[in-house]
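Both of the next two complexes hold subunit A, though its partner changes from subunit B to subunit C.
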Partner chain A sequence: MNKSISAAKKLTGALAIPVIFAAVLLILCAANGKSMIANRTGFNYFVLYTAIVMLTTMALSINLNSGRFDFSLGSMAVLASVLSSRISYAMLQGGPGSAAAMLLLGILIGALLGLASGALYVTLRIPPIIASLGVTLIFEGLTFTLTGGKYVMTEVRNASISAFAGNWIWSLLVIAAALFIVIWLFDHTKFGYDYNALKNGQKVAVNTGVREVPNALVCYAICGALMGAVGFLQVARSNSINGGSLNFASISIMFTAFLPMFIGGYIGRYVNEKAGYLLAALCMSMLNSTFAAFSNEVSASAQSIINAVLLVLFLIWLSNERRLKQILRPIRS
Partner chain B sequence: MKKYLAMILAMVMVLALAACGSAAPAASEQAPAGDSGKTVKIGVLVADVSGEEALGFANYYRNYIQSNYNVEFSYTEQLADAAAEKAAIEKFAAQGYDAIISFSASDRATQLQTCIDNGLYYAVASGMLDDAQYEQFKTSEYFVGQIGPSMDTEYEAGYAMGKYFADQGAKKIAMYGAFIPNPMHVFRAAGVLAGIGATYGGASEKDAIVGQIFADQGIDLKKVESKDVELAGYFQGFGDTTFDELFACIGAQPDAFLSVGMATTFFTQNLNDAGIAFSDIDSFTSANGEAMADGKLVYLAGKYSSSIGPVFAAVLNAVNGTPVRDDEGNAISLSQDYLVATDADSFQKYAAADQGDSPIFSKEVLDTIIGDVSYADFSAAVAADRG
Partner chain C sequence: MDSKTALLKKYKRRQRLVTVLPFVALAVLFAVLCLTVQAKGYRLPMYLKILLNEGVVLAIVATGATFIYTLGSFDISLGASTLFSATVGVMVYNATGNFGLMLLAIFGVAIGCSLLSSVLASVFHIPVFVTTVAMMSVLSAVAAQIITANGGALGGISIPAEVVRPFDVMWFKILVLTVFFAVCMFLFDYTKLGRRQKFLGGNPVCAKLTGIDLNKYAILAFIMAGIGVGIGAFLTLVYTPSVTTGTAGSIGMNILVAIVFGGMPISGGPRSKIYAAVVGGFSYIILNNILKILIDSNAGYGISQIVSAVFFLAVVYVTGMNYRSQLLPR
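Coming up: the complex of A and B.
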């Protein structure tokens, strides 16, 4: 009996935020004669955006949960997508299989870039935030040099990538695969046990024989691989790569993951944290689709402000949760 | 170990600084032996380095003009604002360049003043100064002139495009405003609204619509009123939310998607995949030809790549001491019209006439307006129908 109550509580806790998001946004759309997802095309891009946010959130959280702030995630995604698009185009000239080739190459190149970023951090032993700023500039510079600051278009405009973006099943498969691999790696392997031990008590873990440096390097490589996949998904969404991102312009890719990371962390109290990131990504995708439906009324800058306000409100809630619950208790009873 | 670390850090710094350089003139191409002793060095200001039109123009200057004249072109990186334009001109001046040709429109008056201050000849190859600016600078010896579609021509191009779709029976359209408040895009967008029979803020006259769009820095859908054609979606610029806005427009299932610039660069694939007929004001490049033959591009008002030949000729004349001026000694101001293709055949007619190695403004044609040439002869050569 207790077990079933606990399961129900978990389910309620996990779904509360997504359901509230969906209810508020759907009512908002209905009241204004809009639809959040107008048709099949809208749904395809909805699932694709969910995949982008979920993978970026996972990549951000892996290092951030261990106290390593990584600004270079966005630049990693862009550079990996430039390199993987060039190589896959050279191999297949945009023919059948281009999407799969670019995705796999993107993951591989992303992992190598992540490893390089991690190697720089563990070798230099400077604060990770500083190391990642340097890496961001290097990756952005390399991207600019490779592309001449131009948009990459020829290499990423083909029927294969269009077919990927045009069917939500592919995005769903990416979500499922990423979720399965990340849960397996972090919850069911020795690497994952070490990671969790280091996350929860670095000194104790190191004293008990956990090797911190290799663990950090693998974390960076996994983040890179996830961002390599994000680079491909971004390409599928926009059919181009902006090669002209300089002076930390790529950081905005990473910032899209902050709100879902905190929401996912909250949902993670009730279910597996990675599943929490999926539900949080779903919330962000609903918000994004609603913004799109209201794009004629809400400007891009207003959207950024709304996102920032939501993030601040959620952080206020998290910081004062106990106090707010105490205040609400008499009202409830 | 410390030595290696220091070396790595130094390399990181050098790479980072190289990456951060703003709008530095890109590496220039080596000019082959020309027909005069000194190589003329021309800096080209660009705000777009990826668009079909921009690439076509760059190919013409770099591949055709540079191999036929003793001239060297250096292109800037993508110039984001007036400060970047000014900095780029000053860098060109410091490197001993002779002239500037501008495709960038953030602040033409400042560009021109900077050129005058640095003794560089200056010409506008895309868009035009407004009337007040032209009056201010037209007698300056360093202002070579402006050759390209005038703002009236831009408005007419937008009007014709809007009217085309209205006449075709479109009842619901979506629109991309490109980079409003760029004046060229403002005038085109105003033309589109007038062309579909819409009023904007109650206004139906060109100047009133243009004035309001400038004031709004975009198009406010609440101010658009149209009896026959509904404007169901609108967006502009290019940033993080652009594709969300595009997908929202696609979701509105419009009969057509009208763009006043750059849609063929950014959205061709999405619009083809969505099966939505679209139009643009761009140029006659091979990629646009494919979009018209096999995709959903159904209307293109365009320039051909060598349409920027005369402005090069005018700059060369000025540098060589034989500037082309009108009877009152003013700088050149000539408008060029757009050509319109609505199917693959008409597109091919224009595209075929302007191939890379045999452009419409070929060396033979340009040679007739290079040297000591009168304003009347120059303008007649520019105006001649070569489409």
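Coming up: the complex of A and C.
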């Protein structure tokens, strides 16, 4: 009996934020005679954006939860997508299977880039935030040199990639695969146990024999692989790659993941944290679709402001939850 | 005993090297720039003026930001804050035609934005970094909205060049940098403000137990950073009297690079140095200009960024070599 109550509480806790998000946004759309997802194309992009946000959030949280801030995630995604699009185009000339080839190559190249970034950090033993600044500049520089600072379009505009973007099932498969692999790796393997030990007590974990360097390298490789996939998904969404990002312009990709990371962390109190990231990504995708529905009324600047205000409001609530509950207790009783 | 003495000597030798290295790097880079400009047959005074214009803004904003970084905190919104302050300054001048009001608006907005970040962080207990990420988004977006609505994203908004022309001289910019640096150095090295900030950055728990109020010193640090942003925004307008959405775009991250390049640890604390921002800021600007001259093509921008990143990592590696631990740094 107790177990079922606990399960019900867990379910309520996990779904509360997504349901509130959905309710508010749907009411907002209905009140203005708009629909959040107008047609199948809208739904395809909804699922695709959910995948992008979930994967980016996972990549950001893996290192950030261990106290390693990584600015290079965005540059990794862009460079991986440039390289994978070039190689897949050279192999298949944009023919059938291009999307699958680019996705797999993106994941592989992303993992290698992540590994290189991690290797630099563990070799130089400089703070990860500093190492990531250097890596970001290097990856952005490489992308700019490879593309001449231009948009990459020929290599990514083909029927195969359009078919991927045009069917939500593919995005859903990416979400399911990423969720399964990340949950398995971090919750059911020795690597995951070591990661959690290092996350919660670096010194104690190292003193008890956990090998920190290989663990950090694998973390960076996983983040890279996730960002490689994000690079591909971004290409599917926008049909081009901006090769002209220099001087840290690529870090904005990472900022989209802050709010879902905190929302996912909150939901993670009730269910698996990674599933929390999926639910948080769903919230972000609903918000993004609503912005698209209101694109004539809400400018891009206003969207940025709304996102930032939501982030601050959520964090105010999260950081002062106990105090707020104390204040609200007399009102409730 | 002998081996201990030898180790201590080695440590001290390295420590001296670490202290001197950023200055040596700056001197070497400056010499290389002069030689490169001469070899290419360009005009050196023109390059010195470019360096000064770019370097002064970065050095001033980064010097103010040093107070925040000393606490072990982090502010990524300073570039956006510079853009927003300059935007409001231009709007106020165009509305009133009053130079004094423009200055007041620039400094008021810069300090106000900084204070808002620190108050949000200290009153609502939000991680400072996240607050500044949100502030960056909001300030950039609002500035972009104002600029686009009043002049277009590319053309931007502007004030008449005559308004700021009297200040567009080398001696004025050097004077502003010197005065601001001297004030910051005094506060940082010779008052309890600087000492307590270093203590808080080095060991916040211990500092709190001795009765030091973190919130108070965080707010003071953000005010200093706000003043730096205000001066930076004004000098940006002096250099180019128009503001576009791209103005000061890279300052936020370049501050980080400058501070680290100058030999200060990003974790703050007692090893923080007030001169790091000036030395590192100018070194980074000079390095970028050398590379721009040497690699003179469109693709060269990418290569020069890679070279400058490698140089940056090398300097950070050498300056941090005395502080390696068995555990990976976080």
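Simple rule for what comes next: the second predicted complex is superposed on the first by the 333 of 333 C-alpha atoms of A that agree within 3 Å, B and C clash if a C-alpha of one lies under 4 Å from a C-alpha of the other, contacts with A are read in each partner's own complex, and residues count from 1 in each chain.
Keep this in mind: a residue touches a chain if its C-beta (ideal position, glycine included) is under 8 Å from a C-beta of that chain, and two chains touch if they have at least 3 such contacts.
For clarity, every value in this text was computed on a predicted model and none was experimentally measured.
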Check: Touching A:N288, do we find subunit B (first), subunit C (second), both, or neither?
Finding: first
Item checked: Touched partner set for A:N239, first subunit B, second subunit C, both or neither -> first
Notebook entry, point to check: Between subunit B (first) and subunit C (second), which, if any, makes contact with A:V309: first, second, both or neither?
Noted result: second
Notebook entry, point to check: A:N39 contacts which: subunit B (first), subunit C (second), both, neither?
Noted result: first
Checklist line | More subunit A residues in contact [subunit B versus subunit C] | finding: C
Next item on the list: Go through the superposed model and pick first if A:F144 touches only subunit B, second if only subunit C, both, or neither.
Entry: both
Next item on the list: Quick one: classify A:L124 as touching subunit B (first), subunit C (second), both or neither.
Entry: both
Next item on the list: Kindly classify A:A14 by the partners it touches after superposition: subunit B alone (first), subunit C alone (second), both, or neither?
Entry: neither
Check: So, A:G166: does it touch subunit B (first), subunit C (second), both, or neither?
Finding: first
Check: Just subunit B (first), just subunit C (second), both, or neither: which does A:G134 touch?
Finding: both
Checklist line | Contacts on subunit A seen with subunit B and repeated with subunit C across the two complexes | finding: 124, 134, 137-138, 140-142, 144-145, 148-149, 246-247, 300, 303
Check: Where on subunit C does subunit A make contact in their complex?
Finding: 120, 124-127, 130-131, 133-138, 140-142, 144-145, 148, 249-250, 252-254, 256-257, 260, 265-267, 298-299, 301-306, 308-310, 312-313, 316-317, 320, 324-330
Check: Which of the residues in subunit A end up touching subunit C in this complex?
Finding: 66-68, 120-122, 124-131, 133-138, 140-146, 148-149, 202-203, 206, 212-213, 216, 246-249, 251, 255, 258, 262, 299-305, 307-309, 311-312, 315-316, 319-320
Checklist line | Of subunit B, residues touching subunit A in the complex | finding: 5, 8-9, 12, 15-16, 18-20, 26, 49-50, 77-78, 221, 233-235, 237, 239-245, 247-248, 250-253, 265-270, 273-274
Checklist line | subunit A - residues contacting subunit B, complex | finding: 35, 37-39, 41-42, 45, 123-124, 134, 137-138, 140-142, 144-145, 148-151, 153, 157, 162, 165-166, 237-240, 244, 246-247, 252, 256, 288-289, 291-293, 295-296, 300, 303
